[in-house]
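Below you'll find the structures, each written out as structure tokens.
Below are two complexes that have subunit A in common, paired first with subunit B and then with subunit C.
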Partner chain A sequence: MLPYFLIKGNGTAGVLAMLPGLLLGAIIITSCAFWNKTCEGYTLFPALTEMLGTFLGKAVGFGFVLFYASFAVSCLYGFIEVINGHLLLETPRMVIAIGIFLLVGVLSWHGLEDIARIATLCAILVLVISLLMLMGSKGVFSIENLLPIRFGEPESLLIAVRQSFFAYGGLLSLFMVYPALARNAHVSKKLMLAMGVSSVAVSLWIILALGVFGQYSTGSMIWLPLELARMIQLSSFLERTEALFAILWMVVVVANGGMLVWCVTEGVQQLFGKRKNSWLHWGTIALLVGMGMQTKNVLGLLQLQQKLSVVSLFWIPILLLFVIVGSLRYRHRQRREEGLGL
Partner chain B sequence: MKFSSLGKLLLFVCFTAAFCNGCWDRKEFNQLAIAQTIAVDYEDGEYQLTVQLLMPNTAEETISSKNIWIIDGKGKSVGDAMENLALRAPRELYLNHLDIVLLGEGLMKQDVGQGIEYLMKQHVLRRRTSLLATEGRAGDIVQAQSDLAEVDIYYLANLIRDQRRHVKESETIINDYYIAMDNHVQETLVIPKVALAGEKEIKMAGAALIRDRKLLSWVDQEWLSTYFWITGGKEIVTLQNVGAQHYDVTLEVRKEKYKWELLSKEPLQVEVTFRGTLYMTENDKAAEGLSLDELEAFNESMKKVVEAELTSRIEQDIAQMQEQGADILHLGRWLYAWHPDLMPEETWAEAFSKIKIAVKMETNLELYELK
Partner chain C sequence: MKRLPLQKPQTMVSPSSSEKSAPKCPIANSLEQNMRWLQERYIRCSDLVYRQFTISGLQELQGAIFYFDGMTNSKVVHDNILQPLLLDAEFIENDAENPQKYFSFVKQRLLPTGEITIIDDLKQGALAMMNGDVLLLLDRCEQAFIIDAKGFPQRSVSNSENEVVLRGPQEAFTEPLRVNTALIRRRLRTEQLKFEEFILGRYTQTVVELVYLEGVANDNIIAEVRRRLDNIKNVDSILDGSCVEQYIEDAPFSVFPQLQYTERPDKVAASLLEGRVALVIDGSPNVLLLPLMFVQLLQSPEDYYNRVVSGTFMRWIRYMGLLIATTLPSLYVAITSYHPEMLPLSLLLSIATAREGVPFPAFVEALIMELSFELLREASIRLPGAIGNTIGIVGALVIGEAAVSAHLVAPQMVIVVAITAIGSFTVPSVEASYPIRLIRFPLMLLAAAFGLYGVMLGLLAVLVHLVNLRSFGFPYLEPLAPLKLNELRDVLVRAPRWLMMLRPQFREPAKQTEFSFARDFWHRRIQPIKQRGDHSRGQ
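The block that comes next holds the complex of A and B.
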């Protein structure tokens, strides 16, 4: 849904509203690297308890879990809405939701390595389909549709910046993922590169869509990449390219959704001090399904996304602040203990 | 009894297969009425939708004119008309293969957007769906299609495809409509027109000009020649009394992308450069017996004659467009994109008629064979 919020009211200039989000992403990656260096050997929730005390540590940990849960619901239910609204119209929403969450649940149960391997395997597919989309839009793309580049009303710009903030806030999942990564000094550089590449990819999709549809008629399109896929024709024998796009989207959603759900269930398990508990895992997933079903339709999802983006303006910085201040205090304490020979 | 891991996995796969295979949305081919063309009319305060349905039968290997059914539905809104249509369809209406929307004259005089907006929101139409205009009732063309199905079951679709072979991107799609109507400039959209020609024929016959979502005027096929310089394509031009022997020469002109250039800001003056490649197709005896040097001079002189002829035609057509305030050359779009500060305060239709537009032709003469 990010393209919709960026473009609505802002047109091509909306792509620039991704910059604050990009800055936030860089701050999160840097903070995460600093925290990991300070609290080497600790996963997030035990580290928080160690840094901030039991009560405050668990409260901040719960804040992280809530954020991951809201992000996971927003991401997965966005895809469910697309499937239910455009492709599988008669299949009940609950059935699609159960299918997706079952898939994501099994993936997250097996851990990060399986998720990473699936993402690697599917990366080629994503690249091929993206290239096909690019080729197919050649005949209908016009650079004049992108111009002039002008920002819209301040309110539209603020909404775009908030949504960008929320979208990049998903990188908070790195705090859960980092301890599982290999002890490689260049991980943060690779993460920055990955963030840069995905930002460029999203921007290109948006520019492609604007070049095809123009800046003014895109305001009513919620699923801009899907509309682009419906528009594109790859020769006369391949017509329903939205089916290809649905595959691409599913791959991305399953990988992202799998990781986010893993963060939620792992976070819950760490909060309760359990390891690999199937009741907690599937119970959490059932709760996520229930949370998402409260949004009855795409309008409900839009409203949820709007509210989450507003709350994220405070939520994300507060969580980051706790982690950074806690890390600094912890490092200071460690050095003092080392100095005292303890 | 304890389930083995393999057993659990198999059970899980069977269980998720029930949720992930899309069978809930299955469509049985022989239970569908597939719509290829839809006609939208507006008359006496009511919308009328006419649909040509193909109803395949699993017992038959091919689809013929026997499988065609025409139905229509009326209502105060397009939604009502659609409902009426669905109630009369002998099978489940399947609209996902709609390729063509025919717009009737009544609708175009009322509001084109209202005719297609509901269908767009219901995902019945795609932005790639072709638009065609008709004088009078669009439903009559769809009715005639059932007779023409004996000739070709996909008569209209093939008509568009054939035109596209000759004139690249000559069709107008719904996306073009929204871009032209929704941008800040009052552009004029050209929608190709179809008309009945006798009992067994439909032909492309000019176009409708749409501005502000309504019909501006009808134009004939010859007028479209200038429009086709924008979309690209071929045109046959016959020049008379060429060369020292005064032969008639026929050329195939292949048109390429045009280009705008700002000549002056005050007063606003622009130049449009049209490019094309000329191929001698007939009556090349005009160059017979010429030496190489004479041939080069002849080529050059013929190029100048053709360019002058084409420039004159285009200038006349542009003057007519300016008179009507019909910017089909997308000058407004270009100006707003590259020089937004030069956009006049008055409406674009009025401003367009006052801008000085110079025409320039650049052609290459190719494939001139020596005998």
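The block that comes next holds the complex of A and C.
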């Protein structure tokens, strides 16, 4: 849904609203690296308890879990809305949600290693989809639709910035994943590169959509990539291929959703001091399904996204602040103990 | 999913035999006592043959042979055992009184056969008899001879029936273990080729040999296989490789095989060179290879005997066949039922016209045709040779034609089912065809319920399962997931041999010699040949 918020009321200049999000993403990656270096060998929740004490550590940990849960619900239900609204109009939303969450639940239960393997395949798929979109939109793209480059109302721009903030705030999941990634050398550089590549991909789609539909039509389209896919014709044989693109995109959704749900369930299990507890795991997933069902339709989802983006302006910096300050204090304490020979 | 963990080898333990742990039965001094023990053990065994005799006509030199009729070579028994002992022995009478001397004499001079084992345990002798050997007992001696005289009926080495190739060796394994090990030994003439024997099954006493190349195979895999085989030594029976497979695989409830079957010695040799391990089972013409990666099920030995481009092309045909066999019926159901807008108008009209008058929805059509085909396939396996082929062809034609004429199914459905079947036949491994056939039906069901979303849900569920599946600790989808780019050269294409100098993931290479070899090979590969009278060639 990020492209929708970026373009609505902002036109071509909406792409620039991603910059604050990129900056936030860079800050998160750097904080992750700093935290991991300070608390090497710890995962997030034990590290928070160690840095901030039991009570405050668990409270901040709960804040992380809530953020992951809201982000996971927002991502997965966005895709569910696409399926329900465009492909399976008569199928109950609950049924579609249960299917996706079951799959994501099994994937997250298997662990991070399996999620990473599927995510590797996603990278190839995203490339294929992007190439298909590029080739397919050749006949309908017009550079004149991109002009003039204009800035919209400050309110629209603020909404776009907030949404970009929230979207890139999803990188907070790196705090759960980083200890596993940190085995590779130069991991933060690779993460920055990955973030850059994905931003370029999103920008490309936005520019393609603007070039195909124009700046004013796109303002009313919620699912821009889907609408773009609808316009694409692959040779003279296949047309109206939005269903194909949607289900190909499902691989990416399942991989991302798997990782986010893993962060939630792993976080909950770590908060309760359990490991691989199936009751906690599936109970958490049932709660996520329930949370998402509170949004009755796509409008409800849009409202939820907007509320979350407002809250995240405070939520994300507070969480980051706790982690950074806690890491600094912990490092200072370690140096003091080393100095005393303890 | 329960996963049997890999354990690091503590020490290189020698293979254990089920007999080793059982209490021994030492051979008695008295021939009568030993004979009585054996006769009581094999009471009511009409195929047991025993003959008591005097050696060289001397009353103080008594002996007896025991063997099973039909298991031994009569000519060896008569010419190489009985004749020398009864007729050709010339004893000095003093030597006859000393058991050790005459035992030694018999061993050195009177048994002109290749393989003789000296034992002091009657149970070991009994086991050897059941393997087709002859047990020779001597009076007043606490040792006995096991003489190799195997002669049980066996099939000769013939062509492979299930792994047919147009180019390359045509030999296939047979039931006897030693024939199979000989076929492997003929291809890998190195002392590093090891055969470790295990005897499994309380009632069958089946000999299972663990085969590997020492220094090439992964020691962890070898130790783990030993551990798993040791765990099953006291089961009732091992009748075939499939019994061993079911006992030792990681995920018994998965539809995907975690061990590979082959009846080709060249395939076994190639797999051993890659660092894999083989299990040869006595009485089974199939050898088990492990660990198994999914991509290996789609590789044929013929890929490596053909040229690079041809091998690569055939491999891609197989990948396409796999995709078609798994997803075509479900895609047909999904697109015609939920997403007809994807099809061009002319095709859509054609399908709509053909389906006019068909009373069933696309899913039921697909189900009827697929089930009919599966019934035909299963029936043609059970029927004898020519009848089976005829029934298969005629049945398919008749059923397809009749069903279309009766407006039970659309003609497009018959084409879809036919192409699906052809796609499934391109998969070279028989054990890989079963999961493809099984997965097709749930995918069709999901397509009927949820369209393309359901198909993708099903495919992703299979992918999640495969990503989690292990074969003896190794990821099943390697080198696709986890992605290993340098190993994809034997997956996406069939790279030339001089570019595949590193062993795959099973064994970590000690040195990175691959690229220097490839570069040198490329420079050295063509030497111009100077011909008489041709002054332009050669420098």
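We take it that the second predicted complex is superposed on the first by the 339 of 342 C-alpha atoms of A that agree within 3 Å, B and C clash if a C-alpha of one lies under 4 Å from a C-alpha of the other, contacts with A are read in each partner's own complex, and residues count from 1 in each chain.
Please note the rule applied: a contact is a pair of C-beta atoms (placed from the backbone, for glycine too) under 8 Å apart; a residue touches a chain by one contact, two chains touch by 3 or more.
This structure is a prediction, so every number in the text was calculated from the model and none was measured.
With both structures placed on the common chain, the touch criterion links A:G99 to subunit B and to subunit C. Looking at the shared chain after the overlay, A:A243 reaches subunit C, while subunit B stays out of its contact range.
Legend: residue contacts after superposition of the two complexes on their common chain; A:V254 is shown touching subunit C, with no touch to subunit B. Of the two partner chains, both subunit B and subunit C are touched by A:T91.
Look at A:L107: by the touch rule set out above, it reaches subunit C but stays clear of subunit B. By the document's definition of touching, neither partner reaches A:C75: not subunit B, not subunit C.
In the superposed model, A:E227 lies in contact with subunit B only, and not with subunit C. Touched by subunit B in one complex and by subunit C in the other are residues 87-88, 91, 96, 99, 103, 106 of subunit A.
Against subunit A, in their complex, subunit B makes its touches with residues 12, 15-16, 19-20, 22, 24-25, 123, 126-128, 169, 175, 178-179, 182-184, 330, 333-334, 336-338, 340. Contact residues of subunit C toward subunit A in the complex are 338-339, 341-342, 344, 450-457, 460-461, 463-464, 467-468, 475, 477, 480-483. Subunit A meets subunit C in the complex at residues 83, 87-88, 91, 96, 99-100, 103, 106-107, 110, 114, 116-118, 120-121, 236-241, 243-244, 246-248, 250-251, 254. Taken in their complex, subunit A has these residues touching subunit B: 86-92, 95-96, 98-99, 102-103, 106, 139-140, 143-148, 150, 212-217, 227, 230-231, 233.
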